[in-house]
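Below is one structure, written out as structure tokens; comments come after it.
Order as written gives the chain letters A, B, C and D; numbering starts at 1 within each chain.
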């Protein structure tokens, strides 16, 4: 087996194992809830019919290992059952919300990384300059504010005081009636609602790629091969390209990790902006004790992190020939 | 050996530090002729690497040539900009073999890719020809031609060092500067690499500036040598002359500090202390504090560089007590207590 | 100064000082080295500046409640009209104005410093101790233990913190301490990774090998050689951990899964937001928000003083 | 073992490591590969004796040293300390052993804990072994390693010491428990030459003045020759030659020792040194099999008796087959290099690429037919054809010989065995009559 293929194989197996682990952990977590699974939900007002549906869906009358088996089987088949609170299919209920979150987080984080990498490169390659020493402080400062606080400030300044954007929601009330599910996303109204949450995500996470890029550029600039490139007389641009390639490896590794953080942090931003995404849903579901939904949303978030880690590992393997050997 | 290819004249290089100007080389002069192998020897901290880096414009940002000139083929190059050096001097004329090949090769690039980039910058040759040239040099340094497309990590340490030597040679420069090219390697690998470097002298008519702490390889492979101590060149001349008639106390003590497997039980010379860090102008002999024969005048001014009267006009030393010190060293029995040591001194006497 | 004391009072350090049989805590070489490290950092003017901020916040936590001009639940009325001072802008009597409920904002801010500082210390302490314990164990013991611990760390890296916090708090019950515990139980992951790497490096050093070869016990090597040499890293993570804990506790508070009756800065912002006076009564929500941001920024910038050119460490910390 | 019992005796010591295994290996239940770092090493160390072990990096000398100080478990064989084998040590024996066997490492910059002062570093071994009177002993040792006055050094941290000073503190730390044996791992290789001599001189004094025995590990024969009375040459986990220093330098027998000796530069421009002919680097010590470890680099590898072939041409054939066997030259790779894919042209091209020396007669035709099989894509057949004709005794039989009490060499050039019986048979037990393991310096037959 070639080293690259072997590396991919190892990573695939590890990823599948990790996913299985997450599924199991979730099972254990929700089965070890204080009190009976259904009792918790009954307490929050689910009616007997709903509880019966839950019992059937999760095979709660069977032994634990059978529950586990059915749980896995259901999850793998995408059969998630019904939310006892909303009385709708969990998948039907969450799929659009998952989409709403991704349409916010993916462009925002990508934009964050592009800008951050650019600033970090400038800062790192001018080490000791005023920009490097003080220019990143505001970025870190904004990143040090709790995400909800940044979001609130944005609302106050741009929505309330300056009245440039709507304060919350994804679309104006009533504006989506009669439209196909995808049509609202193409409206100006959506775009206006999109700006502030997007900015909040960027503000909150910009320091991550900026600092990491700065650090790795500084480090790569100090490597012997950088000096060797200079002495061989390669033009500055070519040299910068090589430096960027090396320096981008750590940024790339951190990308899925910060996506995970962004998904977590989005709970706050979505709450402030009433953005109908999974973070918002999660808080609602937890407060309503809608465990099937919580469990699934949680799995989606964790699986997303694991899978993006896997994708990055693959890219990493292609970029850096050394990594394949480590297996 | 015809006209000088490279002339370093009265060169002083300093680094700006928090504590002031640190002098790395002070008023150093030497020249390298076409086809000549020139060795620059000294301990760590002697300034030998700084000197070499100044030639190819590789000083760190806080380093600068404070005074003196570096002349390559009649043109002063010490003030050329980085861009001019890249366009006209680097790799076309002067190439560089760094100390740590393992860290100097870009781990993300195949060796051939790195060569193509260098070749495309400095020549108009088509890619195929550049690859052919690299293959040829791979052959010269004893690597399989097929391996030019390997990544650096696929090579062993010794092979990486050869690959980087091949990269220094494949555009056929006039002068190669090698900064401790074998320090990280085992003796066998070192010997193979010098075998190849020696072969170059015959095959490519190339000049070499070899920087090393190991004077034995200089004595074996170089035509001329300069011995540096703490920024100053203590002694310079042909290897034969410096080996036979060293006059600077640092030169002969340094030489005697090296073990020679022909005389395994010879007592080795010990030089007390370590090279000082020098701030500002060095207007004294930098070896004075470590020299057993130092006199007050050694600290009163930088010693002038003067000829050694041994029939070799290029053999010079910078010591105010050169003959006296050497006499005392020879008559002082302490470092020479068995037959072998005395024998080597006796040999020197003969040449004298 | 106070930070140094705090560090030297740390349980780990105490364990070590028993070991090395010294007369004076100041002579203990771990304390000495930590102290020396902080002193050399404070020599850098910027680091000293952030250090100063941290000390100020800490003093606020200690003395804030004593300095507070009014009682925490004291409702203020207009002396003339007798009406409740509902979200009044700053005045001489109330330099930072009042809240919707007629409370004095400055008083709440000063009193709220203590839970915030407490959050930092408990959260940071948990991150430091769990991270160091797992990192040093994995790095030093190696083998299957290491694989297991590091796979577990990878796993924890996949856990989205705030969602997990929300879920877990439904187990532990809503409260102040649970909200900090949740943070400590997750955020040790960055520290563990870096400290393991550092331990692996130190373990390879000849001085450790020599000590082993001359018969040193494992506790001896860990306390005398490994810990002192990973200590700078640990302090770095302690510093960052304090910042993250404060920030995340405030976030959980904001979401309503921490105790809303402990008047921390996070609770202040939440109350301001929920009252709907957010945009008008900026004097109510902005000061606690800014104080949190400044505290977190100061811990971060102070921690960077330890960075020492190792970007791997910094990266793991940034993405903790 | 009578009156002059050796201090340390190493008996057929082996240290194997498991190669890396990943999850795919585990699923496919593959056996982890064995790295044979130290593979059957025997030696004795008498009181006051200094023995050097030399070899290139990766030859296993550092693993040997680490095994000797108990940092690695022993895979097989034993170490006997003053009559008691390590395998029978109880806790008290270990403590005694660790007190009496001390080590000095190569890297002065990391040999001392940067957080500890000189006093603390020196007192550490005393602490460990619960010895009082620390201050006095520390000062005494500082004097012995010529770091004086003691006050000047006691409270310094390593960052305020020069390389030479650090290494002296390391020596002091090794001496402070008054040990019987010092194991030194290239203690001067990272020092400047002016300091190197001082440290070497100090180490030599130790042996004479303090009743210490020493095993000195190095890759550099020239410094070794200054210290050690006996030199053992190590190659890929085994000793290939062992002799008194002077004799080894003057008359090296094993081709590898010859190469090592001839690779050392001589500081004399008038001296014309004969350079080593050896090429390449040592392979990884994984699944090396029986036979001489040095066979893939040996400039004097022995052809079968019944064929007549030039040494260099033979070397090329051997190396080529090694490449094939280690899958370093696949057909795919060859096609890429020579850029032809027509069969006969390919055969020519490969021959041009890998063979510089002329072959004749049956040698030539065997090679051509092997290359043709290779061009057909049948690597195994190519290997088989080459092996059939060219297999060397060096591949099939572990070299083993005991020449004189003070000189051992493991090379078929120096054995008396009848090679004709071995060459074809391969499996013939040729070691049966070649001397027992009495002193065992180079014995590594593993025919149990």
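Everything that follows uses one rule, which is that a contact is a pair of C-beta atoms (placed from the backbone, for glycine too) under 8 Å apart; a residue touches a chain by one contact, two chains touch by 3 or more.
Nothing here was measured: the structure is a model prediction, and the numbers come from that model.
*Asks:* Treat touching chains as neighbours: how many steps, at the fewest, connect subunit B to subunit C?
*Replies:* When the steps are counted carefully, the minimum from subunit B to subunit C is 2.
*Asks:* More C-beta pairs touching across which pair, A-B or A-C?
*Replies:* A-C
*Asks:* Quick check: how many Å separate the C-alpha centres of subunit C and subunit D?
*Replies:* Taking the average C-alpha coordinate of subunit C and of subunit D, the gap between them is 52 Å.
*Asks:* From the C-alpha centre of subunit A to that of subunit B, how far is it in Å?
*Replies:* About 56 Å separates the centre of subunit A from that of subunit B.
*Asks:* Could you tell me the distance, in whole angstrom, between the mean C-alpha positions of subunit A and subunit C?
*Replies:* 24
*Asks:* Can you check the complex and tell me which residues of subunit A touch subunit B?
*Replies:* Within the complex, subunit A contacts subunit B at residues 223-225, 227-235, 238, 242, 245-246, 319-322, 325.
*Asks:* Where on subunit C does subunit A make contact in their complex?
*Replies:* So the residues of subunit C touching subunit A come out as 46, 154-155, 157-164, 166-167, 170-171, 243, 247-248, 250-251, 254-257, 266, 269, 273, 278-279, 282, 285-286, 289-290, 292-294, 296-297, 300-301, 307, 309, 311-312, 314-315, 318-319.
*Asks:* Quick one: which bits of subunit B touch subunit A in the complex? Just the residue numbers, please.
*Replies:* For this pair, the touching residues of subunit B are 56-58, 82, 85-87, 89-91, 95-96, 98, 100, 103-109, 117-118, 121-122, 151, 153, 167.
*Asks:* Taking the complex as given, what residues does subunit D use to touch subunit C?
*Replies:* On the subunit D side, the touching residues are 66, 69-71, 94-95, 98-99, 101-103, 105-107, 110-117, 120-121, 124-125, 128-129, 170, 173-174, 177.
*Asks:* For subunit C, which residues count as touching subunit D in their complex?
*Replies:* Against subunit D, the touching part of subunit C is residues 29-30, 33, 205-207, 209-217, 220, 224-225, 228-229.
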